[in-house]
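All remarks here apply to the structure that follows.
Each chain carries a letter (A, B, C, D and E) given by its place in the written order, and its residues are counted from 1.
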Amino acid sequence: MVAFPRLKKKKRRRSTLNRSGVGAPPGLLVADPEAVPSRLSVYGIGDGRFHKQVGIDLDEALALRTEWPVIWLDCSGLSDIGLVERIGAAFNLHPLALEDVVNTEQRPKCDPYQDHAFVVARMLDPTGNSEQLSVFFGEGFVLTFQERPGDAFDPVRKRIEKGAPRLHAGHSDYLAYALIDAVIDAYFPVVDRQTGRIDELEDEIFDDLDAVQVPEIHGLRRDMLNLRRVLRPTRDALNALLRLDRPFLREETKTYFGDVQDHCDQLIDLNDTYRDTAAGLIDLHMTLSAAATNEVINLLTIISTIFIPLGFLAGLWGMNFNPEISDWNMPLTQSPYGYPIALAVMTVIALGLLAYFKKKRWI
Amino acid sequence: MVAFPRLKKKKRRRSTLNRSGVGAPPGLLVADPEAVPSRLSVYGIGDGRFHKQVGIDLDEALALRTEWPVIWLDCSGLSDIGLVERIGAAFNLHPLALEDVVNTEQRPKCDPYQDHAFVVARMLDPTGNSEQLSVFFGEGFVLTFQERPGDAFDPVRKRIEKGAPRLHAGHSDYLAYALIDAVIDAYFPVVDRQTGRIDELEDEIFDDLDAVQVPEIHGLRRDMLNLRRVLRPTRDALNALLRLDRPFLREETKTYFGDVQDHCDQLIDLNDTYRDTAAGLIDLHMTLSAAATNEVINLLTIISTIFIPLGFLAGLWGMNFNPEISDWNMPLTQSPYGYPIALAVMTVIALGLLAYFKKKRWI
Amino acid sequence: MVAFPRLKKKKRRRSTLNRSGVGAPPGLLVADPEAVPSRLSVYGIGDGRFHKQVGIDLDEALALRTEWPVIWLDCSGLSDIGLVERIGAAFNLHPLALEDVVNTEQRPKCDPYQDHAFVVARMLDPTGNSEQLSVFFGEGFVLTFQERPGDAFDPVRKRIEKGAPRLHAGHSDYLAYALIDAVIDAYFPVVDRQTGRIDELEDEIFDDLDAVQVPEIHGLRRDMLNLRRVLRPTRDALNALLRLDRPFLREETKTYFGDVQDHCDQLIDLNDTYRDTAAGLIDLHMTLSAAATNEVINLLTIISTIFIPLGFLAGLWGMNFNPEISDWNMPLTQSPYGYPIALAVMTVIALGLLAYFKKKRWI
Amino acid sequence: MVAFPRLKKKKRRRSTLNRSGVGAPPGLLVADPEAVPSRLSVYGIGDGRFHKQVGIDLDEALALRTEWPVIWLDCSGLSDIGLVERIGAAFNLHPLALEDVVNTEQRPKCDPYQDHAFVVARMLDPTGNSEQLSVFFGEGFVLTFQERPGDAFDPVRKRIEKGAPRLHAGHSDYLAYALIDAVIDAYFPVVDRQTGRIDELEDEIFDDLDAVQVPEIHGLRRDMLNLRRVLRPTRDALNALLRLDRPFLREETKTYFGDVQDHCDQLIDLNDTYRDTAAGLIDLHMTLSAAATNEVINLLTIISTIFIPLGFLAGLWGMNFNPEISDWNMPLTQSPYGYPIALAVMTVIALGLLAYFKKKRWI
Amino acid sequence: MVAFPRLKKKKRRRSTLNRSGVGAPPGLLVADPEAVPSRLSVYGIGDGRFHKQVGIDLDEALALRTEWPVIWLDCSGLSDIGLVERIGAAFNLHPLALEDVVNTEQRPKCDPYQDHAFVVARMLDPTGNSEQLSVFFGEGFVLTFQERPGDAFDPVRKRIEKGAPRLHAGHSDYLAYALIDAVIDAYFPVVDRQTGRIDELEDEIFDDLDAVQVPEIHGLRRDMLNLRRVLRPTRDALNALLRLDRPFLREETKTYFGDVQDHCDQLIDLNDTYRDTAAGLIDLHMTLSAAATNEVINLLTIISTIFIPLGFLAGLWGMNFNPEISDWNMPLTQSPYGYPIALAVMTVIALGLLAYFKKKRWI
């Protein structure tokens, strides 16, 4: 259960939602005090060639827009509100969308605008930490905003650099698809680990029932609840994208987005099934624990029920009534065969009780 | 658990629903006997200027209507039925809507009328107390009715007074949006405290299981149930607003209302997830309590099972059969090594039982 | 728990559903053998005047139809099948609708016919007993059929007699609305009592946990389940009414029916929330009971675990091995400090066990 | 619980579903080896006259088709596959529909064909056994196939023979309605018995809690689950029928089918409510059992906690330390008032413990 | 419970979902390292004749396409990625579809393309192991891809070889139907075994309650959860197929696909009902176990409560207060009738307690 405290810590943070936005005017950008410094990187892509520049200045990046069929501008870290605003102005982004970029506890969603689409998703790293990813794409450009450096896009970068034909065909929608697909693909190892752990816990419960398993199942169930909170709106966002009718989103790319939606459905199915399984495991744990307790109580009852009456008899014959005063007192103790008779009586009682328990199937 | 009785008291009150309306003709306004005295305040807004007047007379307020592009008339306290009726007459409000204003246990909803929209919402203060907010907005005016002085609108007032351009553009729909947005924003601290408390309780359960945690979880779950009862219809009301086709509600303002709906969805998601988590915590508590009881019962069984038979043996040798009458009585007690033999027998029995428990994994 | 048996009795009766209709041809009216004698009463309404007659003959009542803009014919008690059939013939009612009038276990519903609408609702009296109300309304007439004398309509009667303008405007749809609104309004005190009792039970559980609370919660939950069985179809019926397009149902009256539907939604919300709360209370009760049992078992274990070993030792030193035969027998008992040593050993054991329990947090 | 094994046996059979169809080509009819011999009976109906013939040959029956406005051909028992195929050919039935007739584990459904409708329902007898009923109806004919002789149609037969006008009006759709209505009506006694039994069990649980009630509730809940499995698709089938647009199904008959659907809704409502109640009863049983156990454990604890320490004291004073060797040994036993002091000490301890239990509200 | 480990193993494997696809470009085919060698087999079908060839080369198979009205190309084993790609090129299949063929953890689905439909289903063998089946069908061809040799198609092969007219009519859609129908038919024995086992377990629980039944019910419930995960999307896929409007899918074949959908509905109904029943069985098991424990605890309490006080009395009279020092010490022990009096007192106490238990209905 090493992973458990970390998981809780992660959730703790997630619950401080939307704080900077409370009471502020809409569209006013306020940086999260814990935000990481912003850093721009840009790819210009087209015709098998590409230009990559990390740590670029915004104006330089915008200049590339005219030179390349598609540019991908990525902003890691959201502390520089001014930069975000300037990007917004350059690409004509809606103030509410920019506010959503900066307040990084948004639900995944897809907001259609006239000349671009805005998609919010959550990006998981292999350890299960998540950050918000905001994607804008329109004719000739894709913008991505992420909370921290480090992302799920390396496979896409490699394919750009290898000159993958579909990425170099000059359509920004396919690039946006590739990025979002990479984000969803990164969910699979996390879900795989969750479901695998539940499968293992099921074995462990049958092998060695232990109270320590309960918090872990509870923690997994909770992580899966949190994941569902992300997956369902992501699916809805992809659905909204599929129903979008804009020139910058071609029908053939929608086929690809449909494939991402299939992956989402698969994840939701697994999430649903395994959350249900986890709930079943807690019930199973409780039932098996109760069964173990019953076994213990049975033993206690059998031992007590046999020896308490016998002990009483022994106590009876241990009483100090004076046999010398009258023959009424302690008669058997003064008889020559008193002791063997007493032992015989006790044996008969014990055997009788054992037979009764046998009949009741308690032993 | 200081907060607990207060929460219950709040709910108690909420359940005395709609009382004044039972059996009364529709549209007949009856003041809640506990209603707070009414007080009007008004803002005239436009072109960067504004006029603010608190405790104004209705006729004066209505006079401002012709002078300013947008007026915002706020009525705090609903004891003055006559005032509400006169406002209704002045703005051509439907009697049923006025009835809903006065009976302050309405579900959040949006009723469209020909020349204005009527929105009912619930306003939470930071301690979680709620009051009904009724908003009417049409061409050039926004009316708000609230149960008590004290509201979530201070950020909006500040922005009006600072001359925020969108608020001064002369459109009442944007002002209505700003007010409703401020109301929904005020839910976040409340939800944040609920979810944070559940996270803490989870830690407490693992750290120090105590029966006192159960009522608190129950209370939180109940508060969240009550919140859901408000959130779901609020979302539906916003949805109805988004589908409304009226000249006084512009398409661009709908984008803003869509943002409020996103916030609602976020709150509902959190509410659903954490209610589910709270239910899981109660199960967890029960399972861990059962595990603790099992441990105690195990100890009881082990001690009893070992010492009850030994005690019986001691009792056996403590019986007062007269050894002088015959050699059958109490033979071992008269042997020189009887006592060490007895102790040895008891030790063997005790070790045997311990080995049995060890094998059964009970110790 | 005085109310409990009555509630069960009520439900028992409700389950003998539709009996008279089984196997009978559709439209054949068979009186319920327990039906109450029928009695007609009529109101002629219009232009501020009204004519009221109780215990009227059907032909007289029909004669009023030509004289008054709107007549309201109420039939209390359904034993006179012939009367129901004659009313059906006079107002051109469908045989299936008449069958539903007489078989008083119908689900609430709204059946639209060409020249009238047929609404089935259930009327609750303040003690929670229910009866079926069948309402027909068309151009110029409203018919109501109820199982028993005594109804929720007194507020409407008073308003007719006071000359309320909307009731006297000559539209039957508004009168039908007023009657149905009065029926739904009568649900509020019942729901209020249920929710109030649940709030009280929550307090009682925290104050003084008692097994007797469980059946009461169960009974309340069951009453609320039965109420939901009425509320949901009532809401659907009102919805069907709102979507109805007939000349005898004006758009402006639909606004009023929409208000009734709002009340229904409010009742359903409360019902859902409190049924959920009641289920939570049963869990809470079980958890707190288990906690109480655990406390008792803990005490039992502590006392047993301390005194059973000590008792064994006392028994050991109470054995009757003969110390005179050899020094091996009962050595300590013959030592001058044997007794204080024995007491000291016992004290050490007891303190050691107490320290162990302290460490385990059992005391 | 006499009825219980029978109910289980019934279910067992139901689960051997669709066996003959596995791996067979579609439309190939394979008789169930347990099928009952087929027997045709026919009614020719029209204009107040009717012709009834039981055990008729198919060709004779088809000959009646030209003579009578409506014929009703009923086939009881499905072992004669050839007969079913010849009927199918004569009435132009789809091979898949015939397959569904013969494989008697179909879900209730309604399949529309060009010139007839095909409805599958399940017919319950009063003891709760069910058989599949397949109904085809088109212009001038109604066909019914049932698994066994014995059905719910006797009321319809009587009405035909009495010359009921609507049945004699020459429309096959009304006859089909009358038959399906009779089938649904036959559900009411079964549901009535189930709900009545649950009401009784609730009383029994309060009167005399017994573990034997649990399996019966479980069995009832299971029967109701199975019934729901039939009711929901039956409702859907009736809904499909209501939306069907074919000349052989008149609008006015749809009103009647709507009435059957109302009955279905009523049954589903009851089924839902009582299944929920049954689940609540199991919880209630568990809670009350736990309460009873708690009471027993309380008694055990009180008795043990009082007498175990007292017994220890008695044992202490029963030890055989030799008082003659030193004054340290067993001092009180040699004092003249030792015995009354010991009794007094014990009484004080017992009273102290009783006071403690009183304070803790355990007694 | 022999079957249990196997079932778990199966699930373990299922959870390693989609692994090869993570991070890879869309449409890039990567063979599962555990994939079985690929083997083609082909049927040419038409006009009562057929040509069958197993282990054929792809080019030979494609050559048959021109000779026969319909060809069915089956590829068992998916290790040969090149072969899959060449088939994709020959039949103009979308790269994403081919990726789904190779990544064998897809959800069942139906993707429509312009000139063919793509259906993913899961094929169960009689032991409950599953493999992915990918079906493409368009004008004149059906392609099937399966993970391993061995499938559910033998009934279809036999019907082709017997010259079944509908299969030889030259329509690929009917062949696709026949194959998918065979796949769904193969679910019935698996579901039948699951439901039959639950029925048996219900009997076993009543006959001989044993903790070992709980894991088996849990395992069955889990298998049924996994089956539902397949059944629901299969139903949706069939629904999508029914709504498809393409020349290669004729209306009359849709009737047949509707029949497959009916079978799916039947399986889903059974799955839902029996999963609910299995959950009920776990509750039942817990309740009956608790009842058994209660019985044991009752016995323990009765025995303890009777004998512990009696034992205390015996101990009291066994104390060694010196009666010779004063008459206050041990008075009754020195009386001639002390012993019978003591026995009488004990008997009275025992009978009193038994009467008390009788009154409390504990014995």
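Note that in this section a residue touches a chain if its C-beta (ideal position, glycine included) is under 8 Å from a C-beta of that chain, and two chains touch if they have at least 3 such contacts.
It should be emphasised that the depicted structure is a prediction, and the values quoted were computed from it without experimental measurement.
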For this session: Report the inter-chain centroid distance for chain A and chain C in whole angstrom, where each centroid is the mean of the CA atoms.
Result: 39
For this session: Mind checking the centre-to-centre distance between chain A and chain B? Centres are C-alpha means, answer in whole Å.
Result: 24
Problem set entry | Junction residues of chain C, two or more chains touched | 286, 290, 293, 297, 300, 304, 308, 311, 315, 318-320, 330
For this session: Quick one: label the inter-chain contact graph as line, ring, star, complete or other.
Result: ring
For this session: Mind sorting the chains in ring order for me, with chain D at the start and chain E directly after?
Result: D, E, A, B, C
Exercise. What residues on chain B touch chain C, complex-wise?
Worked result: 8, 11-12, 15-19, 21-26, 94, 96, 99-100, 105-107, 109, 111, 211, 214-215, 218, 221-222, 225-226, 228-229, 233, 282, 285-286, 289-290, 292-293, 296-297, 299-300, 303-304, 307-308, 310-311, 314-315, 317-320, 323, 330, 332-340, 342
For this session: Flag every residue of chain A that touches chain E in the complex, lowest number first.
Result: 154-155, 159, 164, 166, 177-178, 181-182, 185-186, 188-189, 191-192, 195-196, 199, 202-203, 206, 255-256, 258-259, 262-263, 265-266, 269-270, 272-273, 276-277, 280-281, 283-284, 286-288, 290-291, 293-294, 297-298, 300-301, 304-305, 308-309, 311-312, 315-316, 318-322, 325-326, 328-331, 362
